[in-house]
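Both complexes shown next keep chain A, but they swap its partner, so chain B is in the first and chain C is in the second.
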Partner chain A sequence: MATENLHRLVAARWQNSFTRLNQGQPGITGLLAFSEAWTLATDFLHPCDLADLESRKRFDMNKVRSSTEILSKSKMLPLLLENFLEDMRKNQHLITRDVEAFMARYEETADPQYISQLVFRLCEWYSAWCPIPELGQTILHAYMLNFQTHVFSVLPPSFSNGFKDLVSRTFDISRSSTPPPWLNVPSVFQTPDNPSRADYALWAAFEQLGLLERYESLISSVCYEYIESHILETCTGKWDEQMLKPLRDWMTDNIVPWMLMPYARGAKSANEARSMLQGVGSRFDFHVCKTLSDLRTREIFDIIVDYPDSVPALQDLKECLQRVDQRAQLVQTLRKANRKRLLHPGADTKDILTQYVSIIRCLRIVDPPGVLLFKVADPIRKYLRERSDTIRCIVASLVGDGESGDSLVDENEPIQPLQQMQVEDYTDPSWEPEPIDAGPDFRTNKPSDVISTLVSIYDSKDLFVKELQVLLAQRLLAITDGNFERERRNIEILKIRFGEAALQVCEVMLRDMTDSKRIDQHVQSQQDLPLQATIISRHFWPPLQAGNFVMPGQFKEIQDEYAKEFNAFKPDKKLRWLPHLGTITLDVVLKDRTINACVPPLDAAFLELFSTKDRWTVDELIAAVGSVDRTAALKALSTWVDIGILKEEEDNQYRLLEVAEAESDIVHKPPPTRPVPAAEEVPTALTVQQQQAEQMRVFWKFIEGMLTNLGALSLDRIQTMLKIAPNYNRTIEQLAAFMEAARREGLVTVKDGMWKLNRQ
Partner chain B sequence: MEQLTTSLAPPRNAPKPAVAGAHSESAGSVTKRLGNELMSLMMSSSPGISAFPKSDANLFEWAGTIEGPAGTVYAGLTFKISISFPSNYPYAAPTIKFDTPCYHPNVDITVGAICLDILQDKWSAVYSVQTILLSLQSLLGEPNNASPLNPDAANVWDSPEEFKQQLLKHYRPIDDTSA
Partner chain C sequence: MKIMVREWHAIAQWRWDTGAADVDDDGEGDVCGICRVPYEGCCPSCKMPGDDCPLIWGECSHVFHMHCLLQWIGTAASKQQCPMDRRPWVTAERKVNATTGR
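Entry: the complex of A and B
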């Protein structure tokens, strides 16, 4: 039964297959025709060596076509395909052999021309084995997939390097109409339809082999690198013109035509090409901006140093930053560069200030709202606050110190009052929210002038005004020709900035100078004295360093005379002499010679003493004029020793040379062994720092008093209690530092935050 | 920022008059006088005496410290006092009492009241905190036994051994941390 059924089933199948293959032809003619067609088709498709490619030509294409038709009708195409692919696999070694041969040569020479030859060779293989289109898309597609799979599987890893090299060469090729000699385009690939492009054949080959798809990221990375190297080559260190526009032009002229090949080969019209290039084009444009902004970010410190010559570079950077988000990186780089190159003890405060001002100006170009500036400036401001001479530097540049050529202040900038930190005005119709990367402590500071920014490093402008007084005192006392116009002008300018009230003291100082000229004229008219005094009001001038010595002999007499006349003129005032601030011109009349000298008063005072007695020791001299520094005394004496009026003898004794020593004596005299006193210029006015130290001594007394009577106190309590002390204006941080210093000296102890006097 | 933190602190109230019914218009000048006295006391550096306002909000209440003068039975001991200024100071004397129990003929051992002529009828506006403190310091070594507040102490004054014993029995230094 079963066999019967089976038998019938097989017979039905057989009959079915037979009719399909025989196609209803009489007898077995159909079958014969099919057999012929199959043989022909398989023979035709058989992948053979390129060497005997000619054999293919033998086929009559009409016959091939008709036989494929027969096969297609008999639904035998899948079988044919299977057969074909099997044949292909059997012959793959032919391709592998070629690939290995070319790659071996490439690896030997690293010359990408072998890659191009390999590519063309592979294309030849491809077209040689390619089934005719009549077989239908399915077969073609399967063939392509199979071929590519095989090729990719045999390509060694070094191929991608070679391919990259080859692609990077295409930039040059794309610009010429004839291919370079090394690029041997086989005649089969020379397409007449696009003769203007030498690289057309190569790209066509890439596409045929599916290399474009497979190595897409590689191709774009080649382009990225090409763009990068171009930018680095043309833009590095070139800050005096805007580069972004030329770069974009360069992109249009060079990269876009090249891009047509890999990215828009199928485009029929210019419009179509444009839309195909849009995505990749904007990626490349982004890359241009990114590369340029990276470059400028790396160079930012030097760009700022070069300001204002580097303004175009900054404008480029601004434009780039709008496209790429590299702001955080810029801040980071600049902060790092500042830390490394600016904020260290080796840098002059003046230089730091100059660079800071440049940074302000530069970053205002790059980022007008000032977020970047705020982030970058913070460490600089903190650092400047710690530097002791910052205020002096700023003040010096405020009054336009003659010695330094470039002032921090732009001459063209209008002088305006200091601006206070502004509160946001939300009713302003043009109000804008803070930029998105502004920190929580970001304060919008409206673009204010540089001086306001510098002054705002410190919390109050009082410090500046004080320093200004000190500086003005020094400058006024240094003026000998009675021309105060410059200082007057400065003060007028500063009045605009700091306000009238703050500079009242300076006004008084200036008036003192002119007044003393008048008083002096009056005194001179009463009695002809060889002394010209500058009379200053102690109350308004910063504390001047006290010179505690008294002028001896005739100088004293002259001073007394002068004081008498002054008292007659201004009975309610009293003169207190500050002899060390003057200079004295005197003729020294000795037995054999007269010497004219212009010396500091102490020198003159010592010489005056020698007119009473020939020999003095240093200690005697110091005692005779009151108290002076020993170094200062030695320095004064050395003036006369150098001139040859005094002679130093043993035991610190000095002798007056009434008669000049013979020339030879001087020559043979051993070089003086006395220590050369440090010739530092004594500042005439106490600096703000010294004044502060003086004040701190007073505050210490208060701290001592409260700790004695109130027991242990916390730092906060001490700070509030010190408000009782006059003029106490220290911050709690300053107090903490001070207390810490006192603790190190063993004056106080601290336990659990409570400070206590250290009793023996 | 520093400016910000300091300005965040609530503004200090003007010193409150210590005594009820004080003339507020004169409080300003009294405060000024007390401030000056404090300044001169701080800068004078007299050994063994010191005083300071108890808080910065009220200049009328001070705490003081007196060290026993050398060569007396009080040598080496430290006494805390409190000083309370009237609102019409310096036309009236400040009220002073010992916080540290002080065994002394002119000092009340329990409440610390002091019997000293310049603090009562002999007061004059030329006196200052500093002179008061100096007077108190010398009072320790030279008591006025004629008008004793503490008769026991006056009685044993002539026998220093016994006096010292009594003194140390009552003396309890005030701890710093309790202030």
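Entry: the complex of A and C
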């Protein structure tokens, strides 16, 4: 039963299939027609070598079409496809052969033209084997997939390199209307519809083979590299104009047209193209900004050195940083560069300050809120605080050291009082919170002027005022022509900055100068003296160099004469000379020559002594004038020895050369009557450090006493006890430095932090 | 040898002639008994030392900043006495003597 049943079922099925194939034709004519169509279709689709491409053209397209119709009616298309794909697989070696041949040539020459040839060749294969569209989308799609799978599987790894090369060449090609000779576009691909683009055919071929999709990231990386190399080429070291706008113009003129091909080829209208390019376009724009900001970040130190010529570069950087978040990197790079190039012992304090000021100005352009500046400036400020001459440098630039070139202060900047740290005013309607990347100890650095920023390196401005007094004293005492208008002007300016009270002492100094001038005029009107005195008020000038000697001979007479006149003019006052300060211009008339010299008073005093006696020992000379440092004495004598008036002999004896010695004539003697400059500018006022050391000497007595009475003491203990002493205001660090100095001199020893007097 | 001084730029400090011997050359100097500021400094109400803030000599040999003393004399508690020795304050004439003596 079952067998019969089954038999009947099979028969019915067979009948059914037969009818389908026979298409309801009488007899087997339908079947015949079907098998004819099958043969024709498979023959037509058969993938053959490109060489006998002509064979396909033999077919009558009408017949082929009708036979595919028959096949599709009898639902045999899937079978046909299977058959076709099987045939393709069998003939794939033909393609493989071509690929290998071209790639071998490329690998030999590294010339991307072989890649382009290969691409075109593959396209030829593709279209040669392509089934006709009448067979439907499914078959076409399956064919494409199979073809691409095979091609990709046989392409060697070197192809991606070659492809990259080829794509990078398209930038040049896209700009010309005729393809370069090496780009051999086969006639089939020469499309008349877009003749303006020489690279059109190439891109069309890429798309057909699915290369665009597969190598999308490669293509964009080619574009990135192209943009990078262009930026490096045009912008490196070019800081005097803004580059971002020209770069964007360049993008519009060069990159956007090129982008049309790989990214917007299917666009029908300009609007459509624009929306297709939007995503990739903004990626490229971002890349432009990133590359430029990377470049400028690398160059930042030199850009700052070049300020203000490099302002356009900084504006570029600012714009780029708004798009690309590279702020942290900028800070890092600049800090590193500063550490390497600025903050080392080889750099002049003045240079560091100049660069610091430039950094302030530059980073204010890039980042007005000052977050970047704060991060970069911190190490510089710390470093400057450790340098001993920072204050002096700042002060020197404050008063505009004429000969030291450009001042730190911009002449055009309005002079304003120093700004103290402001407490945030939350009631201010325009208050803004701190920027988001501000550090925890960021202080809102309200745009203050440069001097305020520099002064704020130190906690108090007193140090500056003190240093300022020293500097002013040095300058005023060096003035001989009575013209101190410049100093007056400086002080007036500084008064605005530091406040009137802080500069009261300087005011007194200036008044002393004016008074001296008046007194001097009066004295000169009474009696014609070669002496011009600057009479100063003690307690208002910084401590001046100690030194106490008496001018001998005629100098003493002149001084007394002057003092007498002064006393007549100001009966309540008397003069006390500071003999070691000032300069004397004198003529030395000898038997055979006259020498004109401008020397410090001590030198003049010694020479005066020689007018009474021809031979003196150093000790005699020192005794004759009072208390003089021996080195100072020797130095004074060497002035005259150099000029050739004195001669050093044995036993520290010096002899006056009334007649010039023959050989010294030749060797040493400068042409007579030429003024000899003072051997060296003697710093007349004690520097702040020297003053501190001087004061510390007083405290040493206390320390010595307590160590004698109490034995070993810790540093803390010493500090606590010293605080009882009047005027003691040192920090424990200063005390430690002082004790360390004392230890080096062998005065004290330290063990386990306990200090002890060193008793031999 | 003969030395001819052409020009001499010298520096000097002025001192009040208080009559005391010049022993304190390097010290801080004498101070006004009222404000404890050195004579060569200025009294608390002045800014400029010297002629703008002169001294006043008493017959009792005490010397003060003039402004300090006048202020003191101006108070009722002073009873017109020298603050140092409580003798009636008489301004000394030595300044005038010194001028006429010349």
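Criterion: the second predicted complex is superposed on the first by the 589 of 760 C-alpha atoms of A that agree within 3 Å, B and C clash if a C-alpha of one lies under 4 Å from a C-alpha of the other, contacts with A are read in each partner's own complex, and residues count from 1 in each chain.
Basically, a residue touches a chain if its C-beta (ideal position, glycine included) is under 8 Å from a C-beta of that chain, and two chains touch if they have at least 3 such contacts.
Bear in mind the structure is a predicted one, so any value in this text is a computation, not a measurement.
A.B. asks: Could you say whether A:608 touches chain B, chain C, both of them, or neither, answering first, second, both or neither?
C.D. replies: second
A.B. asks: According to the stated criteria, A:464 is in contact with first (chain B), second (chain C), both, or neither; which is it?
C.D. replies: Neither: A:464 stays clear of chain B and chain C.
A.B. asks: A:114 in the overlay: touching chain B, chain C, both, or neither? Say first, second, both or neither.
C.D. replies: Neither partner.
A.B. asks: What is the contact status of A:532 with respect to chain B (first) and chain C (second): first, second, both, or neither?
C.D. replies: The second partner, chain C, only.
A.B. asks: In the superposed arrangement, does A:374 touch chain B (first), chain C (second), both or neither?
C.D. replies: neither
A.B. asks: Give the label of whichever partner, chain B or chain C, reaches more residues of chain A.
C.D. replies: Of the two chains, more chain A residues are contacted by C.
A.B. asks: Should A:709 be classified as contacting the first partner (chain B), the second (chain C), both, or neither?
C.D. replies: first
A.B. asks: After superposition on the shared chain, which partner residues are touched by A:84: those of chain B (first), chain C (second), both, or neither?
C.D. replies: So A:84 meets neither chain B nor chain C here.
A.B. asks: Based on the superposed arrangement, let me know which partner A:640 touches: chain B (first), chain C (second), both, or neither?
C.D. replies: neither
A.B. asks: In the superposed arrangement, what residues of chain A touch both chain B and chain C?
C.D. replies: none
A.B. asks: Would you mind writing out the residues of chain B in touch with chain A in their complex?
C.D. replies: Chain B residues touching chain A: 1-3, 5-6, 12, 35, 38-39, 41-43, 45, 50-56, 59, 62-65, 80, 175-179.
A.B. asks: Going by the contact rule set out above, which residues of chain A touch chain C in the complex?
C.D. replies: 477, 480, 504, 507-508, 511, 515, 530-540, 544, 546, 548, 554-555, 558-559, 562-563, 568, 570-579, 581-590, 596, 601, 604, 607-608, 610-611, 645, 656, 658, 684
A.B. asks: Touching residues of chain A toward chain B in the complex: what are they?
C.D. replies: Listed in rising order, the residues are 459-460, 698, 701-702, 704-706, 708-712, 720-721, 723-726, 731-733, 754, 756.
A.B. asks: Give every residue of chain C touching chain A within the complex, in rising order.
C.D. replies: Residues of chain C touching chain A: 1-17, 22, 25-26, 29, 38, 40-41, 47-51, 54-55, 95, 98-99, 102.
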